[in-house]
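In the two complexes below, chain A is the common chain; its partner is chain B in one and chain C in the other.
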Partner chain A sequence: MTDIHPSTVLRRRPDVRYRRIEGEAVVLRQSAAEVLVLNGVGADVLDLADGRRPVGEWIDVLAREYGADREVDRETVMRDVLDFAAEAAAAGLLEPVTAEDDG
Partner chain B sequence: MSFGGGFLHHPDLFPGRRSGEAWGDRGVTLDVPGGPYRFSGLTAAQEEAVRRRFGGLCRPVVKEEGEGEGIATAVFRAPLADFLEIDTRGWEYALDLDHTPLSVRVAGLRLMARLDWVPGLAGGLWTSEAAGEEWTSVCENYLRLLAAYRLLAAGGVVLHSAGVTGGTEGSDGDGAAAWLLLGPSGAGKTTASRLCLAAGAEVLSDDLNAVLMDRGGPVVARLPFTGDLGSRDDGPGTYPLRGVLRLRQGPREELAPLSPAAALAALAAAAPYVNRDPFRREALLAVLERLARAVPAWELTFSLRADLWSILKTLSK
Partner chain C sequence: MSLARLMATAWRQNLLVSVLVELTYRCNLDCFFCYNDLSLKGEPLSREQYFRFFDELRDLEVLHLALSGGEPLAHPDFLALGARARELGFVVRIKSNGHALRGELARRIRDEIDPFLVEVSLHGATAATHDRQTRVPGSFERLLANLAEVRALGLRVKLNSTLTAWNEGEIEAMFALADTLGLPLQVDPEVTPRDDGGREPLAVTPSRDGVLRLFRLQTERGRASDAIIPASARSADENVPVPTDKHCGAGSSGLAVDPFGNIYPCVQWRWPVGNLHSQSLRQIWQGAAGLAAVRELTTRAKGVVESHGPRGFLLNFCPGAAAAHTGDPLAVYPAALQRRELLEQVLAAEARRPLLPVVR
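The block that comes next holds the complex of A and B.
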């Protein structure tokens, strides 16, 4: 499984398309003809995975959102986001942005 | 394997445009949802075979028809030597597709085809099959694909599903409504269809059904593409879509509502051909989201003893 840190920069893989619907996200991967349903956090992470912001910034954004609305502490958000990002990378939804990509 | 390599000796020589040597000067027009679909360049034997296969869906012969209306497909000869010999025993057939923004190339058993979107949707079909069931198989496999793309362009969708309806039965007002039972191969679509059939329902098809977005809501349109059950040559017929059920087989009956996202995912997984096309996924998701919001969806676990038809009718109350 890909090792994900707050400094890691991830982006959605080019063959991933998704659509948000009532708090969840439906994800289509062309290469695998696969259809996945993600919960709200997963959908938020896909929104944030723009290949520019490091994962740490996602955590800040989501901690503000979930902390204010649902009293979830930052540690919990960080753990959930890092776990989900690693799983999403392993599932081929996200990929790391390397220096060469920037370059 | 690169595109066409599983079916063609020389995939690099795949036709770059819709041209070639026509088989003959006959044609036939099919009234299938999304159509009419007009085939030209046929021999008399090919036309006759299509008319036998699709029966009442074929329009009568009209002399000097000219270009006519509908989605046009020109049929061309291809040498048998262009195609690989394939041992089809125990083999699961799937067309090989290559997508671009303006076209789709197709390779299959003794067929090459392309759909082009400019200036309007039109197709070309190359085959070595001169007549008989081999030819109608080529024609049907191509038409399944063409209908899927055509319906998507028209705001509808073809779904790998079993479609069941009460037809004209009953006085509860649901006689003409239809349900779609979704699931991958082996999930139980044909089994569920048989259970409904035994209870007096009508099976539209246990393989592919079309959904069109009507003003009054989604309707199921009968397609002539069936597995073991359903009519292959009846008139189109439309039925208001009452609900969608994702099937699972289990020891007892359980029914659980699907969230709109789970319903959308089940529908997307069931949309053949177009769900693999990276240039039409957004359009597909938009159509399916409308559908998922418009009709209720459930996951239905059922056993071989289930009174499925009663369950479906209960859902519509």
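The block that comes next holds the complex of A and C.
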């Protein structure tokens, strides 16, 4: 499984297509012809995975968005986001941006 | 939430998910039973208008975009429009007759559009039958060569066919051909009137025996494939009934557009509800009286199907086809009644099958 840190920069893989319905995301991995449904937080992560912002910034955004309402501390948000990002990378939804990609 | 529940939500809340765009009615084949209204006149949408339309689709969070025709590859801006669709993140399907799908064009489609799926029409298992339907000699051999080429390029391809009186005798061979090619084949058992109401295509309506043979074959093949789908590939709630208020998503989660900008609730239901030359899609989607009427009719269509009892779903009722056959989108047309009757026969035979293989 990909090792994900707050400094890791991830992007959606090129064959991933998704749209939100009622806050959730219908996700299609074209290469695998696989359809997934992600909950609202998973959909937010897909939005945030633009290949520019490191995962740490996602954590800040999601902690602000969900932390206060649900009384979840930043540490918990960080753990959940890192776990989800690693799972999403393993599932072929996200991929790390490398130095060569930037260059 | 399961995918089925999300789609039910889209139907209920009128969230546009899928759009089919008929780019042109030009075609390099001449299929006898083509449903396009080739007499339809109007100002074709320009490349810029398509770009604006696609931007609107993106803003409305549309997921699926099908490029169709006529033959969509015959549109002069096909590659530019497909590439724009890819850039905007749609799941792109191309519905083509496959005749021009080769060489540089096929490679550019893969590289510049990266479609999720290319749906190609197969009309028979032999050149005699296929070419009889396309009315272009050599089209069958060329299709087979093109299919091999696009498969080698790595494009995902699916075969579509309509059962007709001319090809029903070789339906088993068509599935065998598809298996040999390593491609899925979907066969529609119903020939429909042309979009302008013309009934000439109905001259090749398949026979009752032909439809029954198709249903038996599909059931056998479904049974065989069910046996090899691992349980892990099924979602936990896929068998949980999903409450819906409508019979289908026509005009609620989907719509279709013809080359002249006319908007329809779906590709089958040819009731224009607006035109992109004079209105934005958002104006049509949110304000068209015709679309509101269609949504109401799909709600009533659910009641029509339910009035046929617990097996009403076997009608596979289509309000668009009903409108084409009878003028009334709520009228259960003879082909639907025949479908239910034949499917009940097939299901009854299935129920009599032994649960375990008989050892002799």
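As a convention for this text, the second predicted complex is superposed on the first by the 103 of 103 C-alpha atoms of A that agree within 3 Å, B and C clash if a C-alpha of one lies under 4 Å from a C-alpha of the other, contacts with A are read in each partner's own complex, and residues count from 1 in each chain.
In the analysis below, a contact is a pair of C-beta atoms (placed from the backbone, for glycine too) under 8 Å apart; a residue touches a chain by one contact, two chains touch by 3 or more.
Remember, predicted model here, so these are calculated numbers, not experimental data.
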For the overlay on chain A, clash or fit between chain B and chain C? clash
A:35 contacts which: chain B (first), chain C (second), both, neither? both
Partner chain(s) touched by A:24 [first = chain B, second = chain C, both, neither]: both
Among 63-71, 279-287 or 351-359, chain C clashes with chain B only at 63-71
Same chain A residues contacting chain B and chain C, which ones? 15, 17, 19, 21-22, 24, 26, 28, 30, 33, 35, 37
Tell me, which parts of chain A touch chain C in their complex? 14-15, 17-22, 24, 26, 28, 30, 33, 35, 37, 39
Given the complex with chain A, which residues does chain C contribute to the contact? 1-3, 6, 9-10, 13, 15, 17, 61-63, 89-91, 114, 116, 156
Can you list the residues on chain A that touch chain B in the complex? 15, 17, 19, 21-26, 28, 30, 33, 35-37
Could you pull out which chain B residues touch chain A in their complex? 259-262, 264-266, 268-269, 275-278, 281-282, 285, 289, 292-293
